[in-house]
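Alright, structures below, take your time with them.
Next, two complexes with chain A in common: one pairs it with chain B, the other with chain C.
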Partner chain A sequence: MPGVTLSRWTMSYFAAALIFLLIAELLMVAGYGYPATAIAAPETLILVHVTAIGWLSLLLCGALYQFVPVLIAHPIHSQTLPLPALAFLIAGLGALIAGFLQLAGFIAPHALCFPVAGFLLSIGFALVLWNLGKTLWAARPLTLPARFVTVGLLSIAATVLIGVIFTLVLGGLTEHGHFINLLQSGVPVHAVAGLVGWLTFIAMGVSYRLLAMFMLAPELDGPTTRSALYLGAAALGVAILGGVPASMAGIGPTIPLLMGFAIGLLALGFYARDILYLYRTRRRRKIELNSRMAAIAVGNLAAAIVLLIALLISDNVDRYIGAVVFLFAFGWLSGLGLAKLYKITAFLTWLECYGPALGKGPTPRVQDLVTEPRAIKWFWLYFATVWCGTIFLIAEIPLGFRITSAIMLIATIAIINELLRARRLLDVKAEIRMPKGASSAHLLYAQVKKA
Partner chain B sequence: MPGFVELDVRPILRAGGEPFEKIMQTINTLKPDQGLRLLATFKPVPLFHVLGSKGYTHQEKELGGGDWEVLFTPSGAPASNAATVGADANAKDNAAWPEPVQHLDNRDLDPPEPMVKILATTEAMAPGEVLSAYLCREPLFLFPELAKRGHSWRGGFEADGKTYKVLVRVGKPTGAAA
Partner chain C sequence: MSPEPAEDTIAQIKTALRFVIDPELGYNIVDLGLVYDVTVEPDGIAHVDMTTTTRGCPATNYLREGAEEAAGSVQGIASVDVNLTYEPPWTPHMMSPEAKEHFGIVDDDP
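Presenting the complex of A and B:
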């Protein structure tokens, strides 16, 4: 095993992802999309896709290029493919937004924005899947966290496939009855495949490994972890493989989705038990910002699930699903993403800058690249705005939501500033910043030196 | 029909020894169509990866009493260059290494301190000397740094499946380290 080198384009993905996060928050501040417009309005769909593809998916792809090799102790298949994949994904997202603007009446309807978006996004995600799939395939038998990733990759394939059918119908390229049915009732299946199957399931799998690594806790591969994996995969299978044909047939996906949710709850129960176990059995008593904030994010996942169950029982899902999705996307996925970015950016920058100088003289520690007491205030502010925003959505006070979104934007800018400072080594004491053999890192990519 | 060379490492393991070197020596004596029948006191998962990268498929069977039999069969596919052993997995490198002069137990250190400590220790060692270190996981980010500095390494999980033992042999200064 030659070990794992730095992933060349991971930082470019992170930078692009953070820009899309800022755009999404600006849209919320401007009152663009839900709650000012309906949840299915084109404006809301723009906001949702900027968040889900631009921010969360690019973040996850960038992280996977670096951490799939760590999960499986095998080098990445290609260090080159991520760059064209990024270009296709961003171009595809641009075309998709143009398509939604057509629906909203801002662009003339004759242009083929939707089919072009479907084409570009399929190529982009296919390049991601090919690269990560080849990497995983070469490392069979897979470890448990890598199996979570595999299920997540299958889920994004399903998400894109459903999305492409949507674009064909919306672009007027097909009038097939089953496809029209899918567009009319299959949107929740598309959302579940993307937000739960792709983003959440991979976040779960990777969190097993990262939390164990950063807190000096035991690696879990026992029956509870297996149960979380297999029940989770079964839940997604029922929801997606049941939901798509049910939607196409015109029955609607409610029953498969509810069945998937019930099985998924069991999986999440095992996951919650495992994560509590990791925190309890950690050998590192004082944990860093990223592990503390990850715990808050997991708490938000639990809160979103409880909220959804309450809505299901009180038969209010349609009215308040926006609040659940907001808490899920910004409290759980984005919260975890920002917390882990804070650690990953510092660690990768440290390795790139100081790797060659290690052991040859005094070098900064990873923790010297960050100033946690300053950063953690912004993280708390970020989470506070997520909770307030959720409450304003439930209370149906759109102006309150816009105001908390503005504060959320400020907190996010401050966190991004902390990431830039780490990348630029600005928090490292000047006298140890550049020991002999060290080099500074480029903002957007890593120098991958051959051994 | 390809024959199997049998290697029983159970006595070595029961005596608390490290059979990795013996296994690799045996593998290097195999003819292209020969396989290895390995008997061990645990399921040697790390070996599956190591020998997989050398072009062997494996078939494991539990024998009872905690013992395992694993048949490693040459797959006919060319061995990938992802060999786990050594920075330069050449034939000469499979000769016995001297006893380690430095022992580190880095299992309780926060990452990436285990890596820093190993690199700092190797800087003070003479070429040819060997360091041994216990870690709580495979040090994947350490290996490229060892390779850049011209050091060789061997590593694998201990029988408990939790402790990773790595041996690093300090190479001659290459001047290419920076």
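Presenting the complex of A and C:
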């Protein structure tokens, strides 16, 4: 069986992602974008895309380069492509931000920022899709978690496609009526494809495998997991494939989105049932920080859904959708991301440093690279600020939101410091830090051992 | 030939393999039950049948090479052949009583 090895550029993606997370939080502290400006204002769109592309998508891409091979027990197609992909994605995000600054009046309107952004981002994501797609294709038939990833990859393709059409309209390269209609009413479809189809659906699929691995719980592939996959895929299909033509035709995407939401609720119900089952039947009674914090993140997903339902019933979606998106992006996706980063960083660092020392003498454990009692306080602080921030958004107290964002920034910096300490082996006792055969890891990339 | 010298060597190999830990669980591969079988031929060739906790684990090659290194360090072992297998798949029930106690695993767990 071909061996699965360390992903060379995953750490580079993680580092870039964390920098963008800090930028996003700094923008919130500075009162840049929502709630200080309207939800559709260019300033808010900068904040949203720094979070969605810069932080969450780069984090997910970096994680997928390492974990798609684990999900399918098959090596990655290319260890080289991730680096140019990263360069295109960052450059594309930079151009996109410049485009929004144009809309806000900070940059001269004649520059072709939006079309350039569309071009660079579509090349970047195409490289990611090609690499992961080729990897998955070679390992058919796919396991259930890998099928979640496949649906997520199709969703990012849809997200980028819609986004490119937006950039062409905003850049003045097309005045086609259907495309203008799509820009005017298709933004929610673009957001659902990205935040739910790409980020959430893959997080769901990967969490099945990671939680089972890290908690010694049974691998699930029964009817409930299949129902979550197929209903989730159907929900996304209805929302995106129904929402795009409805928007282009000028009808608006509300009906396909609501239908997709209803089907998606069933999928989430099955997912929740599965996750509870994994936690209940875990063999590892004392679970680590990453699994405990992942449970909080899943709870935030549930809370965001309940909040959205309440807003739908009370007809207040337009007024408070920002609070739902904030709880979804920072409570669920970012919370899960930071929790899993804490584990993955230590795990990958251990493999790189101590893997070659195995069998030559005693080696530290992965758990020796981290100090959970110190780190967990920062995670609780992070989640507390997310909850307070959500409340301040609902209560429409922008200053309160900025203050909690500042505390969230402090918690995030502290968590990043914990990640750096793990990468630098600073928490490993000096007497066992460098056993025979061990080596230290580079901060931004991994030395890849040939399989 | 008396079987005792081989048994003794196998015991020494298992002791050496305890230096190899599963990085995720932080426990040695022998007590985790990841080493399915160890045999030694009269000419000093050792055969280690082992598995990993999960298929596709990125630590697989390190574990295999670590087992090879550890078993090869035993006196009288000329070479080591490590066979990675997923039949039967590993379950936590394969752990030693000490390892089960360490992880809080009860034998009548489902």
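Throughout what follows, the second predicted complex is superposed on the first by the 450 of 451 C-alpha atoms of A that agree within 3 Å, B and C clash if a C-alpha of one lies under 4 Å from a C-alpha of the other, contacts with A are read in each partner's own complex, and residues count from 1 in each chain.
The rule is simple: a contact is a pair of C-beta atoms (placed from the backbone, for glycine too) under 8 Å apart; a residue touches a chain by one contact, two chains touch by 3 or more.
None of the values given here were measured: they were computed from a predicted structure.
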Clash or fit, chain B versus chain C on superposed chain A: clash
Partner chain(s) touched by A:P362 [first = chain B, second = chain C, both, neither]: second
Which of chain B and chain C A:R283 touches, first, second, both or neither: both
First, second, both or neither for A:Q66, with chain B first and chain C second: second
Touched partner set for A:P141, first chain B, second chain C, both or neither: first
Which superposed partner A:L216 touches (first chain B, second chain C, both, neither): both
Contacts of A:V317 with chain B and chain C, given as first, second, both or neither: neither
Doubly contacted residues of chain A, that is, touched by chain B and again by chain C: 1, 3-5, 69-70, 73-74, 213-214, 216, 283-284, 347, 350-351, 355-356, 358-360, 363, 365-366, 449, 451
Partner chain A, residues of chain B touching it in the complex: 48-50, 53, 80-84, 87, 108, 110-113, 115-116, 118-123, 136-148, 162, 177-178
Contact set on chain A toward chain C in their complex: 1, 3-6, 66, 69-74, 213-214, 216, 281, 283-286, 347-348, 350-351, 354-363, 365-368, 449, 451
Interface residues, chain A side, partner chain B - complex: 1-5, 69-70, 73-75, 138-139, 141, 213-214, 216, 218-219, 283-284, 347, 350-351, 355-356, 358-360, 363, 365-366, 437, 449, 451
Chain C residues within the chain A interface of the complex: 16-17, 19-21, 23-24, 26, 53-63, 65-71, 73, 84, 92, 103-105, 109-110
